[in-house]
Structures are given as C-alpha cells and as structure tokens.
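Note that the chains are named A, B, C and D in the order they appear, and that numbering of residues resets to 1 at the start of each chain.
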Amino acid sequence: MSQYVIIGVMGAGEGASSSDVEAAFAIGGLIAKEGWVLLSGGRNVGIMDAASRGAKAAGGLTIGILPGDDRCALSAAVDIPILTGMGNARNVINSRSSEVVIACGSGGLGTISEIALAFKAQRPVILLNPDEDARALFEKMGGGLVFVAGDPAKAIEIAKRLLARRAPSGG
Amino acid sequence: MSQYVIIGVMGAGEGASSSDVEAAFAIGGLIAKEGWVLLSGGRNVGIMDAASRGAKAAGGLTIGILPGDDRCALSAAVDIPILTGMGNARNVINSRSSEVVIACGSGGLGTISEIALAFKAQRPVILLNPDEDARALFEKMGGGLVFVAGDPAKAIEIAKRLLARRAPSGG
Amino acid sequence: MSQYVIIGVMGAGEGASSSDVEAAFAIGGLIAKEGWVLLSGGRNVGIMDAASRGAKAAGGLTIGILPGDDRCALSAAVDIPILTGMGNARNVINSRSSEVVIACGSGGLGTISEIALAFKAQRPVILLNPDEDARALFEKMGGGLVFVAGDPAKAIEIAKRLLARRAPSGG
Amino acid sequence: MSQYVIIGVMGAGEGASSSDVEAAFAIGGLIAKEGWVLLSGGRNVGIMDAASRGAKAAGGLTIGILPGDDRCALSAAVDIPILTGMGNARNVINSRSSEVVIACGSGGLGTISEIALAFKAQRPVILLNPDEDARALFEKMGGGLVFVAGDPAKAIEIAKRLLARRAPSGG
C-alpha cells in the first residue's frame, strides 16, 4: 500500500477573494506539515496556486492535474504536473484521486463540479468558508460526506479525523 | 454547417421522482417534434431513459453518451450510443455537445456537475422544476445563462428563443 | 436494442494521400447505402472529412467525435458533432463506439493509436490499403480482429460479414 | 519551473516476458538514481509494476496513472496513485505528462497507443528491446523523436542527452 496521503484542495481559479487565497496558502502549509501530498488543479492562479505555494513554503510535495496539454499555465509551486489535455474532464480525476477534498472559499463553477463529483466517488469534502447556497445544496445532497470548517486549522483537524477512520488498507 | 440542433436533457439516473420522469418523457417528445436531436447520458434509468423514450415515441433521433464501455446499461430508446468508458468524465461531453441543456427535476450529483460544466462551456441551461437550493446557487453563478421553466412546454419555448438568438453560423 | 449500426472510419487528418481520400469518400458512400451510421473524428480534413462527405452525398447520417471544444474545425459534412474537448483522449471513444473500424490508408499517429485501442476494446478493424509495417505489426497483435481489404467494396463486404456474426442482441 | 523530471516507463501489463520485466526493474532503479520521478500506468502487473518496484528499491518517487477508479489493481510500489477512472483514455495522460517515454520490451496494444500518442504530443520515446515491426513502424512515423536502446543503461544515457537538450524553461 502507498504510504502517501493525498489531500485535494479545490477552489476558484479566477476571481478568488484575497481572504480565500490566504486561507488556501495556510491550508497548503498545514497539509505539508502533516506530511501529506497536496493535489490541486495545478494552474498558476487562485486557490490552486496559493495552496501549492503554501505547501512548498512548508517543504511539502505538490501535484497539479492540469486541464491543458502544456506547462504554459502551470503554477511555479507544482512539483509534479500531470498534463491531461482534457479541459474540465480532469475535474473528475482531481476529486477521485484525493482521499479528502478541501473546497476553499465560495468557489467557482469548476469547484461546484468537483464537489459534486467527489461525492459521486464517495470522497469526503470539507467546505471551508463556503458560499451559503452551495453549503445548503451540498449538505442536502452529500450524505454523510459533507463537513464544514470555519478556518484552516479546523479543516485539517477534520481531515485527520476522516483519515483515521479509513480501513487500514487505505483509500 | 450541421443542420441538426442538439438539445441535452440531464437529470437523476437513480432516484428520479415519478413526476420528473413524466416531465422528461414529455420533454423528449417535444424535442423530437421540433426536429431536434436529443442527447442524454444514455443509461436505462431515470431522466435520461424517460427523455429518450419520449423522443423515440415521437419519432425523434436520440444520442446517448454513456459512462461505461459496453451496452449493458444502455437505454433501449437510444439510437446512437457513444461508449466513452470514462465514467463521470463524460459529463463534460454531455454539457458541451448540447446547444441548450434542459436539467429536468431536482437532479442528482451528476446533474449538478453537468449544469456547472455547461456554464463553464458557455451553454445555456433551462432548469425545469429545480431543487430550490440548486436554483439559488445557479442563478447566482450562471450569469445570463440560467433559465427556469415550470413545465415542459415552457422549457421548449425558452429553448426555441435561445436557438433563435444564435449567430446564423451555429453553435 | 438500438437498430442503428455504427461504423467508424479512421485515417490521417493532415497528410492523407489523394487516393486514400478518394477511398474514404467511397467508403463513406457505401456505409450510407447500407443504412449504417458513419462515425469519425469529425474534423474538416483528411480521411474523416472525406468519409463524412461521401456518406452525406449518399444520404447517410454522420457523427463526429471532435478533439476540440468548439465547432471551429468541424467538417461541414458532420450532422452530429460531439465536442469532447479532450484532444486525443477522444480516440478511445472513436474506437469503442464503432462496431467495426475501417482504417483507411497508411494513417497517421492518431490512427495507429485508434487501431490499437480498437483491439483493446475487442473491436474488429479492417485495414484498407495499410502501410506495410503497420499491417505486419497489427496482424501480429490484433488476434482474430484484423482484416485487410484492397478496395472500399471489399472493406464493406468484410464489415457485413462481421456484423452478421454478432449475437442478435448487438454490440 | 518545476524542478522534478518526470520519466514515463510504458510496456505490457499482462504477458510481459521475464527479461522485459527484469529490464523494467533495472530502468526504474536507474531513473531513481538520477533523481527523476517515475511515471507509469500504475497497475500491479508487468512492466509498470516492475519499473515502480525498481524505482522504490532505489529510493525513488513513483506516480501511477491508473485506468480504474479505485486502488484494487494498484501496484504496491506506487507512491502517488492518480485515479482517472477513464480506462485507456488515460494513456494520453501517461505519454503527455512524461518528458521522455521509455517503452520497455515488445509491448502490448496499450503501449503501441502510448508510443503513438507520445509522438503526437512531441515527446521523445526510447524503445528498449522493441518488437521489430513496431520499431520499423515508429522509426518511419516518429520523426526525430524515436530512439532505440539495447539495454537499460543505454536508455538512461539517451534520456539524459534528451533532457540536456531541453530549453532551460523546461518541458
């Protein structure tokens, strides 16, 4: 079994608020400090870039699952770029490959799709400062897989609890 | 230019209510009567099956974009099965290939992802009897691309209006 | 069960020889005359365009599975464009969705991938005027799924024989 | 820019010869010793498993791009499993995400598709002990991107040369 724990951080690329970007940077750092691998959408904007930078600043390992087929829009803080060339079809890979997904901030349309696809793949999602309508929708639809956190430390605490619950044979 | 108009009908596979299934059957029939091609997720359950059956009953042409790699779960009312073998990554194909998307009923998680991905691809979505939280979320996020209809006839009327607005060179 | 038979025609986009393009046009016409649906990669170049034009000239129905996410490079002879936005990952859809694949001419790299993926999906492939090295490779690797034809009429004759062999419940 | 170098090793899953499996193990070890990251198809069979085991035995980092949507068939030597759930459509991700592809042994149909897709993505491919027909085909079609090696050390030497040629801004 793989001994690496992969945590996905999703959120808006364009149009993320500065407080969401700050939270994503903090989340990335906390993920790295736990020894977990950060997985994101890999582009050089918004939540994915901030989380990757946070993880790198704390010495972590970062994976980026990119929509494009080259490194043009790649975050400089991604260690391992996976070039899918599949546009938003890669969103399903992001959700499925993460043992826990942290959705950071009010999100964009891509994030909404990733949260829905994470639940379809039976992955737990921690909503950090979500949009209220998204929260209402996903609390109704996500079954026991929805968690809400008010700050990065709380999100990490929930993630640790969720990982501890896993069967010993992993994901 | 292609002279076929492709209209996507999305909605819950499992767990669709009987009134949503009836509405999907009606929508499929109305799409066929307009001479449009019906595109759906292609499986033999829920909204996609009902819409395909409605379209076939009215003499229409039906396309199914299947998640699986064989015809096991194929709706008998799909004329042209496209076997993606890509699971929910095919949702992005459904949304993008439809000139207008009609989301029928309160939907499931897959439908939520398809609506979000449709907006990302700049496709208009008509919500027919949506869940209230989904409606609130998408009215906020979908820009000018969200429309709400109370019955199948109204949905078709909106679709006609949207298609008329297109540039003469098509989608 | 669907009563439509879907036949895929694959071949070089750029750089197809004029004799291969002529053969593809003829193949498209013969497919339409059999009442089969033509599936291709959908772009406005090479074998896929010629086969689609041939099928339309004979009154057939044409499906195009496009790599891109818009209609920019769409063949004018494609009735139903499926916009995958997935680049060459759509090659697997082309092969899998075809009950029989006809690879027209010496092919390009994309065609090589589609032939290999067709065999993986247990689809028979008819090589029409293949490159000799490709023929040698695929005759060795394709098991009982490889057929070679010297002209379009012969390819259609083989396709008919293959379709007749199918179980009555279809693909 | 990412400072990690990603080298893909491709080859048969089922039916790999024992000498090809040994070569893959050796290649994995040499990749790790160079400090490169090994990318493979991630399953617990054949060339991908052997290369991953070789890399882990030498202290390297291993990525597996899996066709499935769970960890059932995951190689125990893969550190970071990317669960695509896309079947062979993931082959395009394998080729594109690798800066250099090493195709180990006579390969299977999946490998043939990956080599062809690598050339389409402008990635160099080193054929290590290839099938003679595959070699003939790809030497003709791969332009300046085809290299042939007789043993693992030679393959690594070619890979180093190819990486040195890259522009300083990377892939």
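Heads up, the rule we're going with is that a residue touches a chain if its C-beta (ideal position, glycine included) is under 8 Å from a C-beta of that chain, and two chains touch if they have at least 3 such contacts.
Keep in mind it's a predicted model, so treat the numbers as computed, not measured.
*Asks:* Taking mean CA positions as centres, which chain lies farthest from chain D?
*Replies:* Farthest by centroid: B.
*Asks:* So what's the Cα centroid distance for chain A and chain C, whole Å?
*Replies:* Distance between chain centres: 40 Å.
*Asks:* Taking the mean of the C-alpha atoms as each chain's centre, how many Å separate chain C from chain D?
*Replies:* One centre to the other, that is 29 Å.
*Asks:* Give the residues of chain A that touch two or more other chains, as numbers and ranges in rising order.
*Replies:* In chain A, the residues touching two or more other chains are 69, 84-89, 92-93, 121.
*Asks:* Report the topology of the inter-chain touch graph, choosing from line, ring, star, complete and other.
*Replies:* Shape of the chain contacts: complete, all pairs touching.
*Asks:* Considering the complex alone, what residue numbers of chain C touch chain A?
*Replies:* My answer: residues 69, 84-89.
*Asks:* Within their complex, state which residues of chain C touch chain D.
*Replies:* 86-93, 108-110, 112-113, 116-117, 119-121, 131, 133-134, 136-137, 140-141
*Asks:* Can you name the residues of chain D that touch chain A in the complex?
*Replies:* Touching chain A: residues 1-4, 6, 37, 63, 65, 69-71, 74, 76, 78-86, 92-93, 96-97, 121, 170-171 of chain D.
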